[in-house]
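Some structures are shown below for you to check.
Each of the next two complexes has chain A plus one other chain: chain B in the first, chain C in the second.
Moving on to the complex of A and B:
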């Protein structure tokens, strides 16, 4: 056991003397998390600026202005002023406004007399969601008016006497829409950028341990250190355990540091501590498995660096460390679950969204299975290393 | 001529490395594909739908939500599955159509359609507003059908068809949309966003990581042996510079061609695009040689280079548009050349700019290129002549 520890401590010391291991394992993920925290802060909801150009000055138009200025919409909209339609167009084009509403002159009269005079929603090619929200707002407002007129027209079409239109309109106006939405909290929390990207970047940079471990092995073999170790009264299993332990500790230390510091400094939420520790341990074990795989697959130091880089970038790309996988199409989300990092992010995203510790179970099994799989393949290929 | 021969020899050595080809060719294409496909779906509000019973009104409401251009709608068989997707940020809201919708509406009862959201209700108004609008318009047709049924002898189902036809064909209080501009101030979503931003990111990142090659060459004593021949240090510096410039150009051309052919990206005015690609390749060349003189070991350049490249790209607007970050971050981002390059691509791709329009950006990038190349060349030359 002491030989295992001695080899692991020596490897770790050697690794930490290399500045790049410190930068990649500890500094870079924290720096990137800081950048993301600065860029997005705690913003989690959509907000846009709009203006209402009221060319009508009638009662219905006033009702619309009151509607968009209602307190319920305050978090969604800031209603600012625009002198006229041209001014509003210029502001929308410039990006000062996400959208603008132009209520035409005579709108109130047209509505009460059953004529069609549309509200115009001004939008920009750069603000498609703001445009869609503005259009939805206008349609929500007009739906009640539309319901009255549709009711009268449908009744007349179905055979109600045309002479009774006035009476029908009065009756329809007294009705309220039979369907309404009711917003309810789902019991989940909003996923913030820092909660997603802090673990994503932590995992990404911890995967560089694969390259460090594999390269270290080839350096030692080329330098004859491994031969000298083999001559000592310790078995190959001890050497392997020592080197695996060093890789495991480096990976786990890197992830734990990022988890701790991003939680304390940037307020990132990783999840229930025990579940997060289990995930970190599983990921670190998987890093050991992948390192062993790279060592057995490569024949030279340069090749090991190449394989490790390709494996690292391939996994993080598929697993969703660079892109928010929740916003990606179904196929991309499915592909992410072929990677251990994709499963880790799935668990951490669930935690961030309010799930309890049980959300870690399936991801943990998947990550460990991946680690075991790579370890088994490496074991099967071990003769390649012996024969070289 | 000597410099050219040195550049060709170095280029051959570097391009023989399969890992290098992975980073130059395969990785950028994969990233462009993934970022492109992800941002393509970000222009809509993503909602979930738990459709309830397959009754006419419930089906109609589900279809209305699905057909609304504001939404990308995904159906879930149970509420729990919808909530899982909501928790993972795959959706902004989930509409749960009540199983008793048809029975309630036809009996004249007012029905509430639950819309589930994550976190605080007031933070999710964009999705809720859109859904409410569709529900209200659906409700208008139901109200009209009920009203006609009450006042005539025709059946509800028949009146509903009439009301929906009237709503579709003769809108009484329409809302019309006018897009005020055809030229945007940010890059379009999809591949037109991912291709130029990843060109900026990867040319710089690979150049900085490629600084490892210079360190390796120096470590192997190749420079020292070359200097023993009748080769001047400045030829060696020029040779390295030409090699890096060629690599940056090769990668840029590859991304431009792949972007145009595979992802249908229009790169804007050809002359301006060529000038911008060339200028960015010069910036990358300066950064690459500088990296080769700043880092002590190839491992440091190969490991820290990508981290630096990613951080600069984030700050410079390659990972997200700088328009969506606070102004202070936007200003800080423009301390890095990436931001000016992305601004220039935005001008070309979104505003149809030409050489004249991006002249200012090219000037700024030229200043970065000159600065980086001057410092890098001096440092490399000094490292060559200092024993």
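Moving on to the complex of A and C:
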């Protein structure tokens, strides 16, 4: 067995005996991915209960009730009744209802006479999505009424007889407002929470390999075993390669395990297997480069832990492992492109959207360039470590 | 440790008296401080060479240079005729290095530690397993081979620390103060095993600041202070340099300076030093001078608490050469 392999196996054996390395590298990313899957898993099938309190009993109010009870909204809403506004408010506060509509008395008369009165939407902070949906529905109905009023007023102004107002209004109401927006995914698939957060958490926790690798180096130096390695007939390059190999294997194993388990258990889609393997290899190489950088920059074990934490959290915050940067401002999206994890997540979200393996090319180059850059800086600073 | 000379036999068979280690004009600086200044010494096969000096004298730096762990700013080292440096790994196969601190992996077992270090010296397969068993036997840890090092006592760790450097049957064993912080029983065992190693044909370099260890163990001794090798020879040679003078050490209270001055004016007193609350005198026939010295103490108002008269030894040699006690 070569000395490089002997050093790598020894390092990995030590790491496997360190419970924190097992937890952070393998258990935590799976647990966090599972939690996120549980938290966001039901987002695609949103449903809520609402109530309509009709204090008006007029034609237009009845139209609103018919509107919210329409078959198109049946998947989204279950409409129940409430005795009065106070009853509805209590049910919303208790959580029995996601939201409630209160149509004031005289609403229909006001609408037909051209004087709009608002529909009150009762919401709760505990059901913010239900509240937003209810507000949108009320606004949509009000917009339709305003469109009808506008049409009738325009017809009357153009000389239509006053006697035909009722008929005109009925005809205008039969017409629907044109669609304002159309949502159409660019790819063939949609990005789900697990598809994003499984790799995001996997990459985040794999970055802890930087801290383990750097700390391991300083433990060897402080414990005198690094001297013992240097006293052997193997040369400093062998020691460096052995330690780098251990860090690479740990980082790649951590990411691969998370990819495999989140795919098999939680149904996460990472992308075409070969492209994902290429990304994992590139990220693991970058972890090696960043570990070398931390070792050369730090003077003590404690300092190395601090630098590794700063680097890890700085990268995951900028790269979008905690928040989806696709929906963030331009500056945040640009900053993410300065991180290897940002590029990796970009490729993986493209895969989730249905992109083919070619989407990995640019991210792969960017990640490897980052790894090479950190490695070159570490090499330039090597004399800080090898004080010979 | 079990004394089995076969297990210690060095890998390179050479006759005793042939130079194994040759260190010439070694110099090493750390910033502006010169840690080792033009130090030269050589060690033959089967010889045990002691580097004796106080803490910070340059012992560890010297042997780090010898083992190729540090690059020299001047001079050169050869082991078995091959140059040693930080960039010359080949010659390191001849050296067994025992660091001052226990340098093992506490989360690995004794067997795993030895196997790992053996692999670094290109041992493998059944040869490695057999050698690991031999070394475990040698250091009396056969029954603890599968226990993690973190569960070992200090003495057991020290033994394993030495064992790890013997796996590849080195021709030169370099030990950096291996008995620091060791209980008397383990210390005795370590010294005995090193003596056995020397008699088995290994060249041994042993650094210490315990002069009694150097006296008992080493064939030749180099005294190092402030980075300079100030004397070298057998224990007998070195002691003869102080001319068979006795050393009187008096622990006392009062005006030590006045007492020391009074002693200096006495005939036959060659040297007087004050260290902490004691006065050390170098003289011929110390026991005969004692009454005269005590009378001087009384005259100067010095209250003597204890008196010790030592025949010449390495401590006296060191005092003679440097003007300070070895353990200061």
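Here is the rule we use: the second predicted complex is superposed on the first by the 239 of 388 C-alpha atoms of A that agree within 3 Å, B and C clash if a C-alpha of one lies under 4 Å from a C-alpha of the other, contacts with A are read in each partner's own complex, and residues count from 1 in each chain.
What we mean here is this: a contact is a pair of C-beta atoms (placed from the backbone, for glycine too) under 8 Å apart; a residue touches a chain by one contact, two chains touch by 3 or more.
Owing to the predicted nature of the structure, the values given are computational and were not obtained by experimental measurement.
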Hey, is it chain B or chain C that touches more of chain A?
B
If you stack the two complexes on chain A, which partner ends up touching A:263: first (chain B), second (chain C), both, or neither?
neither
In the superposed arrangement, which partner chain does A:231 touch: chain B (first), chain C (second), both, or neither?
second
Going by the contact rule set out at the top, does A:333 touch chain B (first), chain C (second), both, or neither?
first
Can A:223 be said to touch chain B (first), chain C (second), both, or neither?
second
For A:154, select first, second, both or neither according to whether it touches chain B, chain C, the two together, or no partner.
first
Can A:3 be said to touch chain B (first), chain C (second), both, or neither?
second
With both complexes overlaid on chain A, does A:17 touch chain B (first), chain C (second), both or neither?
second
Of the residues on chain A, which ones does chain B touch that chain C also touches?
18
Could you please specify the touching residues of chain B with respect to chain A in the complex?
17-19, 22-23, 27, 30-31, 34-35, 37-38, 41-46, 61, 69-70, 74, 83, 86-90, 94-95, 105, 108-126, 128-149, 151-154, 158-159, 162-163, 166-167, 170-186, 188, 297, 299-300, 302-304, 307, 310-311, 314-315, 320, 323, 325-326, 329, 350
What residues on chain A touch chain B, complex-wise?
18-21, 23-24, 28, 31-32, 35-36, 38-41, 44-46, 72-76, 89, 92-95, 111, 114, 116, 118-126, 128-129, 131-133, 135-140, 142-147, 149-155, 157-160, 168, 171-172, 175-191, 196, 205, 208, 211, 215, 302, 305-306, 309-310, 313, 317, 322-324, 326-330, 332-333, 346, 349-350, 353-355
Chain A residues within the chain C interface of the complex
1, 3, 6-7, 10, 13-14, 17-18, 223-225, 227-236, 388
Per the touch rule, the chain C residues reaching chain A in their complex are 64, 67-71, 86-87, 89-93, 95, 97, 99-105, 107-108, 112, 116-117, 119-122, 124, 164
